[in-house]
């Protein structure tokens, strides 16, 4: 794994355009800034093309869209494809709500995406696999997680990051598993959103999206694990600011020392 | 007071649907998650029924709605009534702005609510009592706070939580007062919103809404007091993350030890 | 510089109406509250007049508006002029996106503003000076920053705060430079937004907007510097809550001790 992509990211300081959900947008912006990219946000269709032109990647979080925003998302993603800016999709809660699944699949039918990042329930829903999802959480199920991730990667011809206790990253053929984790990620609303936007910062500076997604997932998981290991007890609220601290402080050497993957 | 409802909450991990205001939504989501429920948010009318069906309660915060969102709020609350999911209403600033008061009363005329949570100025406005409100703050007045809370509870046939230095919880007849408090609640924007959404997590697991509201108010107030007592000086910014820390860490025994009510 | 305006602010506790961008709104609200004012937010045109009437100033952040919100912004700013409530404008990213520059200039053509607060790229764009802007960041350029700020102040007949390593505050003739700073401001998304809303709290209690803007910029910069000086390493995430802590704790004596300006 080319963990020194983290150095490249910080050197290039790419502009990461994010269509975020309103729940976690501030953490997402601060996370992007902390790791070494520059976040820009917009909900206005009329500046979609201008925003894409100055951006190096686009991350679309479908966590809390409205019908009106779908128009803007359609415009922004179309321009991203036209100007060859890689797209990361976060299909929040598509495993729990049919309406979200339908809208997300319509979007994916019309654009090319670089990476889809979701939990098991979300990835399973997009891959048309039966899965028990409960609200925004991952749910539980018996299906083979790697097979599900591969199926979606092949269906949508993209990299898939299925995040959970173990993060599974696949291009449809090869699979990388990242074992770093902490339960605090589940306790902090927006951890998944931040992981997706972190992937967005790496695809902005590395054309091999499979490699970029692996490194992003590993840096993010190691940063969370470092923060958690410093705590005597799980601090659900303090974890957020400290995770952003660590995304800025963490070095390539730190990641290489702690990363556990195969 | 059945403080061990907190254990029931954590065991059942209910899904708490929140229509939040955009100012404090991230704290609200993290607070819900920290105490032991799962937050879901949505502003899209087309998924209103699906969201209500997977939820165990609905909290509607009227802190920053637009005309367009009122349609969605009408739809969501109608489905909540239809599917018997209890509704908590937070009538932000209805004491300061007539437009908000009118819209809130129209909403309350059309639905059944389990709990209304507001400060003195907001509860007084909904109860048609003269009150001096200043912006989003509670204002000051001479009226009998308990009488005001009871009047609204009877008018709307629901539980009322009038929060302030002392929290007053009433079903229209009986009254419980919770004396735990800290000035930091007023310094932290969103404390009231978090209290309302905390009530939303308890009505999700307890059909006796009067009991649920009492316990929610007590757990929340004690958590804030514990955080404040650990501080040498009032830390207006750090209070937010630390309150979320404590909402996760606090035990039934902690609450029982510190709770002051009658 | 009349640094004891900070005492006046805390004594008067003005109501600061903010049209914020959704990315940083919670930090903005908490910062306003912490320094000693009361924030109110609204996106609904129908309550524009009522909100302005109870407010002492209006801060309009153009960080993430949509076409629909421009209607509300037009209404709110018109009422602010009508009721003589001073307006602070934060022209986010007008240096990077022509659409934003056009909308901002249209707005400025139709209203009188007290203060415009932006970074070098934003102020240059509004002053019609060539400048290299990169995303939301300030960009770099060779033009004389003071001349740019003065040009805009004269063009729009208002006070201009050009924030950066050195903050430049001008009424078009006189110039004050504030040298307090920390790199953490750039690492924390929303620092600029918070500075603008802090200016909004000072113009709410002081009719000499040039004086008010100087004091606001100085208090804010000193608070950030104090927080940064307490840290062993740059904590990009913890800086936010701690800055809000300090905005509440900082005294006139603290500011007088640390302020560096001429």
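Just so it is clear, A, B and C label the chains in written order, and each chain counts residues from 1 on its own.
Following the convention adopted for this analysis, a residue touches a chain if its C-beta (ideal position, glycine included) is under 8 Å from a C-beta of that chain, and two chains touch if they have at least 3 such contacts.
Keep in mind it's a predicted model, so treat the numbers as computed, not measured.
Taken together, the touching pairs cover every possible pairing of the chains.
In the contact between chain B and chain C, the residue numbers used by both copies make up under half of all numbers at that interface. Averaging C-alpha coordinates per chain places the centre of chain B 32 Å away from that of chain C.
Listed for chain C are residues 22, 25-26, 240-241, each touching two or more other chains. Partner chain C is touched in their complex by these residues of chain A: 15, 20, 22, 25-26, 29-30, 33-34, 38-47, 50-51, 54-55, 240-249. Those residues of chain B whose C-beta lies close enough to touch chain C in the complex are 21-27, 63-67, 93, 96-100, 134-137, 187-190, 233-238, 240-241.
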